[in-house]
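Multiple structures follow.
Look for chain A in each of the two complexes below; its partner is chain B in the first and chain C in the second.
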Partner chain A sequence: MRALTWKWHWPSRNGSLPLSFIILLLTILLMLGSTASLVEVDLVRIFKSTGKLLGFAQQLITIPEWSYLPTLGTKMLETLEIAFLCTTLSLILSLPLGLLAARNSSPHLIVYHISRNLLSLMRALPEIVWALVFVSAVGLGPLPGVMALTFVTTGFMAKIFAESIEVVNSKAIESVAATGSNWLQLVTFAILPEAFPDLISTFFYIIDHNVRAATIIGLVGAGGIGYELVMSLRLFNYSRLMLIMLSIYLIVTILDRLSDQFRKRVI
Partner chain B sequence: MVLTWLTTVNLELSFQSVIWGFGDIIDYSKQYLSPNFSEFLKYVKLMGQTLAIALWGTVLSLIVSLILSPLAAKNISPHPIIYQIVRELLNFLRAIPDLVLALIFVSALGLGPLPGLLALGLHTSGFLGKFFAESMERVKPGIYEALKATGASFFQIAMFAAWPSILQEVAGYTLYIFDRNVRVATILGLVGAGGIGLELSATFGFFRYDQASALILIIMITIIVIDYLSIWLRKRIS
Partner chain C sequence: MSLIQISQVSKQYENGFRALHPTTLTINSGEFTVILGPSGAGKSTLLRLLNGLETPSSGQILIANRQLTLENQRRLRAEIGMIFQEFNLVSRLNVMTNILIGRLYHRAWWESLFYLFPKKDYDLAHWALARVDLTEKAWNRASKLSGGQQQRVAIARALVQQPSVILADEPVASLDPITAEEIMKLLLEICKNDGVTVLASLHQVGLAFQFADRIIGINRGQVVFDGTAEQLWIEQDKLQTIYRREDGSLDESFNMEVALAQ
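After this line comes the complex of A and B, so read on.
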């Protein structure tokens, strides 16, 4: 009986939704409505296709092609290697770039601005677009993939470095410098301890992101499992497809859990 | 360090080929320096479609995640089994890359922006669902207890205590996801799921690098603009 007499009472001043919220809702609905035709949102079509989707799912539940496992293993390893390699490469490359792009360590204001903007540009495009560019430049295979991912990750990492260099406590730097230490000791004892938890967090985020990106860039021929995935889909090779999807899911989930565990221990 | 070397060898990466082929690379890059904007209007329309896909995808994921996240929040979920199942579902949605999901939907629904939008929405609802669930878990338990004490049902707790408490975080996360979705939407076209990606892949396929660079510029500028917008909006909210 209570459900029949229940009124909608929100935690706001007069119990109803705030005006700004309603306006926001209406604006979004308007934007959706005006673009509906542009994206061909067609409920009828969605309903009709659920049948097709279920049929697809049904076909997916077939006997997996066990003989494919070795190739799958190699390809997954390749994917992980691409992700790992480009993370390490960008770590190295982003150190100098980060120094140039930090206001307090950059040699000149113009250099600072140029490097900051350069880094933004490197980050702006999705990895696959860069992968397309590099594949056209150097051919198929994992090399353009590594180049593309390194490119984007360096842009991201260098920005993080630059920001952490900028917020470093100048008092800490002064006190370490006062003991007469050289530049390397300065970095190790004054800058790094403060920046460390952030860096670890960022590192895990980047690895996770790069593994996901590495699984996709194969789609355009840049090495890794993406190529196998799209091929098996196009050839309707469902037994293979299921194995590939499962392995992608497993890898991403394992990485996710690992990084959660690590983060709980370190932070 | 050893790992890096081993990996390089295993991947049979040949950096020498890059150095030897440097002249070719320079020639190749020169083609990018004269962007060809002859089909500008078409590109703009495609970019608009891309943005619309991102918008719809974000709204879809918002709706799905707002429904699923109270179930995935440990302190308000009606039953621990439901909590586990929904959490796993959200993880599953997050693990499958959006492009892969889009590929599957294109096989089922045909080409066009609709499968892309659905794939985007479902994949991102995994992210938003997890974010929102964690936000709901962080809300002061007193708020939930107060409502439980008045005999509120799960649905009422979710709607009047959980969502309103995390509104600011919802806005922040949604903007972040919208930003991300714009980037992904530009790529969805590569698998036929609508937007500017299809055009991009076509220009590369035909080796029309001048057009490709025009497209890349348009994509870059749009993404940078959306980045600034979302940063500004997030500052306004908090």
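After this line comes the complex of A and C, so read on.
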């Protein structure tokens, strides 16, 4: 007997939301509520600052400094180069690391745990912190940027690779093993082909992420468009700032479309 | 001549389930043997033990007079073709590559890394493709094929291993009756013409009667019948023991299977 007759029911045994789901929802709400004051999320303050934000946006509506375009192009190219170089280097490092960090392809449980921990360590600090570390080690310029970004990206890419590898159809792996294949042959003829669509998706997601990350690490003097961005902001050079922001938006959008097209063809 | 000797082999899984009680069997060279039994009887376990996909809890397995151990497992696997209920091809690779996987044991690490195969492997693969009548599908992606075609590719993959025995684990359970019969005919042909021993597990009595030289009936992990199809046909009560449940009733599939067989 139901106390209330509702028109709609959830597809559970008694027609109500599962208790575990309600508890999860309440926990999230509680956490949000208790942390809002800690991180100073204050609706009144946000509302009051709207005027300033609009003012900033208004400043951006100005005549662009067209003569700045060649410099911008060079710097943008540098950022893109950093992003591509880092993604490619990470890809090369991530494939073996991902294989070692996946339960079903790791040659030994100890290797699996060591690789997992190594990957966590690489992801533990954000790119910008590693960039600061490497800038102090090798000096300003794109090199510390490349090192920092490659380091963190490998941590991420290898972890996602490992997870893609773990969900590969185990029956395909088993049938290749049944022909007398060794570990390397299982990897090349069963695991990698089956995980391929996921690997490609990850690769494109990481490129996308790295273009933005390469911008951010430029802020600490690690080369590229980021440095230009922060200088224009500090000098209130809005005619440049506008161009820089627009170009970043354009590049990210174009890359997104390109990867979409490529993925459709491959998968 | 005996090809496979199983002595006192049993299998108990980690969760305590006893899939196979100590079993002793000899499989003769060149015979088409069917392991018959209801679902969960231990047919798959028995087949999987024979190429090391499962390790026995006790007993020993001899294949062509060599004991199956962890050390020579890969070597013996290379001589044993295995086909599965759900075909288990690498779906994203093309048919040719799937068949060439049957040659991997003979390839060096660098050849495997770069997907390189010598001409003689391709010749074998083309021969196997013709054998299963799929020559025109050589360069199609495996996932684009129908179930029956995928099982033929799996058979071709087993053939290029140049095996002494093919283990077929419920090879037609995922196929419609007409395709199922075609696949069984193909396996029989390979057995009789190419001299490859075939050991297939089935739950369909009709197919077993139609194709088997010898039927091994298995129920709840124990061999309850071992003889020719004719013997089983005459001794219908033996057929019932294969399908009898623990409480004495008959498995639902029994009546249907027997009706189909008749």
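By our rule, the second predicted complex is superposed on the first by the 172 of 267 C-alpha atoms of A that agree within 3 Å, B and C clash if a C-alpha of one lies under 4 Å from a C-alpha of the other, contacts with A are read in each partner's own complex, and residues count from 1 in each chain.
Methods note: a contact is a pair of C-beta atoms (placed from the backbone, for glycine too) under 8 Å apart; a residue touches a chain by one contact, two chains touch by 3 or more.
Because the structure is a prediction, the values reported are computed rather than measured.
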- Task: Identify the partner contact of A:K52: answer first if only chain B is touched, second if only chain C is, both if each is, neither if none is.
- Result: first
- Applying the touch criterion given at the start, work out whether A:L125 contacts chain B, chain C, both or neither, answering first, second, both or neither. first
- Now for A:E174: first (chain B), second (chain C), both, or neither, which partner does it touch? second
- Item | Touching partner for A:F262 - first (chain B), second (chain C), both, neither | neither
- Chain touching more of chain A, residue-wise (chain B, chain C): B
- Touching A:Y227, do we find chain B (first), chain C (second), both, or neither? neither
- Of the two partner chains, chain B (first) and chain C (second), which one does A:L143 touch, if any: first, second, both, or neither? first
- Note on the structure: The answer for chain A against chain C in the complex is residues 169, 171-172, 174-182, 184-185, 188-190, 193-194, 196-197
- Using the touch definition up top, name the residues of chain B that touch chain A in the complex. 3-4, 7-8, 10-15, 17-18, 21, 24-25, 28-29, 48-49, 52-53, 55-56, 59, 91-92, 94-97, 99-100, 103-105, 107-110, 112-114, 117-118, 151, 153, 156, 160-161, 164-165, 183-184, 186-187, 190-191, 194, 200-201, 204, 207, 209, 212, 216, 219-220, 223-224, 227
- List of chain A residues in touch with chain B within their complex: 2-3, 6, 9-12, 28, 31-32, 35, 38-42, 45-46, 49, 52-53, 56, 77-78, 81-82, 84-85, 88-89, 120-121, 124-126, 128-129, 132-133, 136-138, 141-143, 146, 212, 215-216, 219-220, 223, 226, 229-230, 233, 245, 248-249, 252-253, 256
- chain A contact footprint on chain C (complex, rising order): 51, 53, 74-80, 82, 84, 86, 88-93, 97, 101-102, 104-105, 107, 109, 112-113, 115, 154, 157, 161
